[in-house]
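Right, one structure below, let's go through it.
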């Protein structure tokens, strides 16, 4: 589970609830018709904006990605890659056929390698696959950011509807309050949907897509070295540029224990 | 038909109508002069913004694309491509002359291939054609997004006109209500035109243009393999990167039944 | 003449005038000092923003491009190119010296070709010339969009000035109306200048610059084929990707009559 | 001096002053504390936003560039380049050592050429220098546009402060006017600083950076021709693509007198 | 320490405090619940927007970078590079093993060089490392700009909450003031957090990332020359394009004393 997403959402709800309850009863902020205007209008606009499969993917695969941490630790990927290159250097490329690989993208690459495909074919195919996958994830992020743009607009729409109704019924002053309430509440709902859920989720999806892209670049780079049977310590040097400086083996301040170069023998 | 576009528009209209009718009569939201200000101003600005053919294309070809699903299923394109490469491997490139191809872009590519043109020429020509087509579709999307920008601006224009009229006739308080009504209603019309129709349609057009681009990239890639007489199972591997992971044959969770590699013999 | 620009501007003025006159006299919307604030401020900002020659070019060459249709029909360019390649194939490159060419860019290219310059030099030089010309047109478009950004800002400035004056003279209630009038009118002027004239003209300039770029790319592509003495029907196939699908000879639905391949003999 | 910048600023100040004085005394628009809030806040934010050297460069080199015209006339650069290539063709590359060159970038290039450096080295070095210089100028433009973003924000901040003070002292109605005055005046100051000075100056800096880039591209291109000892009339043809069509020698409408090709002998 | 960041923040706080205290007591601007709404909501949204490690990195490494000047003076890097190339020219590449290098990126490059790696490998590896590091710094900048977007939105949210509460309790006029106060204060807090801290810090981080990128490009360029054993004075010429014109040795106005070419012997 991605605890930050969940913690963020819970914090947001608590903050909003407390914010309201310090000044008044929570009930005056609940207005079902107003809520339906914002949600319904946003839903309608989203259906027009994207093909159904895109919306569906965003709401299933996308939402799952927002709440679950799936990215592998790049440190582990590097360790595996080093192990593989040592295997290939000692036993040849065929030895890769039997090794277990968790990451499905890495697995596919290792398979292509073990099947004896040449380096250019493997690189080109994996790069295209990486780009197309990232593209699909970015489209999901776009669905959420589109929701985050529509919600405040329909909130404003609800507010204007309420104002018009209030203004046209000014003979009856008792309804002024009610009209203003709907008016402002829809704006409130729109802002909240956009600022607490839709836009942040879009940002998280993008952040994870970029994390995934970095991991896959690392894997593609690893496979190039495996093809070239690069010297493991040189390969480690090269792959560690994918890690922040603090996490590199060569840096004593890293979270990972310092392993000496001789470990790679 | 693109049911999501239609469903979205109908949902939008229902939501808006209900939103209004829970608080008042629908009639107080109808104001023909205000509506004409917004639509007429937006129409005028659009004519100045684009050449006539561009506007015309957007309103005919573009609108059609918004309401009709024309993109081929990439899975079917892959299946066809596999069939073609097997044909070429067994009977030579001339055999492609007789095969029926639905997709007009694929047809053109197969024709170029069957005519014996060399790989580079085919690739370059199809790539340019793809890019220019996508460019034309993006221009249609731009027309709709321009409408979506003008409509709220002319809504605001109408609102200010109404306010000025109201303020300059304040001796007659009975007209205040009427002036405010026109004022706010034009803003309402502008927001609705932009948020329910123009901007979402622009987004859908873009989404379909990108779908089409992906399909055409897939076709161009297929033709490269057909030229190279690639091994069909390797070609399948390569082309499936254009599908989301779930739909690949190699994935048991896919919507499409798992075919075994031996099927391709 | 570019009838859409003119029709758009006239439509805009009619819509605005009618919008105003349904509710009041036109005279209450006329305020010379307010108008001068918006126009003067925008003019001042534009002078600071751009070098004088840029502003001058935008207001002369740019405005002319907005109101006049100068782009050649790509279909005619293709026909000419086909004629030229046939000439070169039968009589050699020297024959190009005598052919009449309307389009000045095409003329320059044909001249370079007839002078016996090699393909790379011609391509490089024409491509650079195309890019620099488009760049100059885009700068003119930028001047208009800068005007479209300044005008509403100075409209808002005028509004605030009016509000401050009104607020500081509240002892004399008879001046409240006058102050509010100037205030709102400047905003109105700013919105109109931006939405009816400046921003749409900027968009039209950009659209025409892109049309010109497409035509010039087509010409550059044609000259490549003329240099290569490509087979005319193959060249036609290749160049038609610059046309929308409907207008291609190979498409029976096109506006242009279907010519058979044998016509090119 | 760049007369347009100065003319623009003076026009702006006159327009603003007249705008105010038609409706009231100028003195009610002067509020020192409000002015200090906007200027002080903007200054503080700018210090946090950029390193001190960047701010300093923007306020010295940048401001100088806004008020002074330093770009050379491209026509003169072309004439010089033609003269140089003729010199090299007749007397060899060493002859360049003695020629006087005003433009410091051109001078450096000619020096590199005269020193016998090879073409690739010269091209690469000058191109990098050009890009890095443009980058530095764009950063100065960014400082001004950052000021143009902060000023209205601090104007709005001052307005809210004034409103809160006014609202919390409503028992004393005599202070309402004063509070509202500060409130709106800071917004006014913010808008003016941004719209008359900061944003336009940022635009002018960018425009001049692009002019400089075009000139330097022209010089780099010239040096390529000088290295290649290109035929002068061919070189003229090639370099004139850097001029707008009207100013080319081949165009009778140009500002520069038509020189005949024989002049170049 | 980065004195401009600190000076900017202090100036900002002083300006804001004075701005408030000229018109009223500071205490009426303090509202803890309102402050918690803005900070809490922004914090919640930020947690949803980014993975925890990203937020953590931004708040530790990022904040440190905002307040500390770590970038080396490019002039010193150039001097070192010149020293190294002279060493390599006289004593060979092995001599680099013993030289002390402060800058960790330069150190890594020199190490790769001394180890006898070939030029392409060194260049590719350092370039990738540079790009990935810059990317990580840009992500930290994005966290701050996300905070700068959320804060005003939650400020506005608090304002609407306050308005709704005030409107629904209008029977009790004594609470109107209090409601309006919270309402406007949250907007004030949001604007201040964004305009004084979050957005400027994001800008500073970006500026420093770009400074770092320029330094690293300079180092990569230096290593290319060291590999090529370029003539030191030619190398100096080439590297000085990384300095603003004024600071070059060839320019008498520079801050650094003019050294004559003979110094490099």
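The chains carry the letters A, B, C, D and E, assigned in the order they are written, with residues numbered from 1 in each.
Note that a residue touches a chain if its C-beta (ideal position, glycine included) is under 8 Å from a C-beta of that chain, and two chains touch if they have at least 3 such contacts.
Treat the numbers as computed from the prediction; the structure is a model and nothing was measured.
Visitor: Do the two copies chain A and chain B share over half of their interface residue numbers, or under half; same or different?
Guide: different
Visitor: On C-alpha atoms only, rotate chain B onto chain C and read off the angle in steps of 5 degrees.
Guide: 70
Visitor: Mind checking the centre-to-centre distance between chain C and chain D? Centres are C-alpha means, answer in whole Å.
Guide: 25
Visitor: Report the inter-centroid distance (CA atoms only) between chain B and chain E in whole Å.
Guide: Distance between chain centres: 40 Å.
Visitor: Could you check chain A for residues that touch two or more other chains and list them?
Guide: Expected reply: no residues.
Visitor: Taking the touch definition from the header, please name the shape of the chain graph: line, ring, star, complete or other.
Guide: Graph shape, chains as nodes and touching pairs as edges: a ring.
Visitor: Record each chain of the ring in the order reached, setting off from chain D and passing chain E first.
Guide: D, E, A, B, C
Visitor: Going by the contact rule at the top, pick out the chain E residues touching chain D in the complex.
Guide: For this pair, the touching residues of chain E are 2-5, 7-9, 11-12, 14-16, 18-20, 22-24, 28-29, 69, 177, 180-181, 184-185, 187-188, 191-192, 194-197, 199-201, 203-204, 207-208, 210-211, 214, 234, 237-238, 241-242, 244-245.
Visitor: Over in the complex, which chain B residues touch chain C? Could you list them?
Guide: Its residues touching chain C are 33, 36-37, 40-41, 43-52, 54-55, 57, 104, 117, 125, 128-129, 132-133, 136, 139, 146, 150, 153-154, 156-158, 160-165, 167-170, 179, 182.
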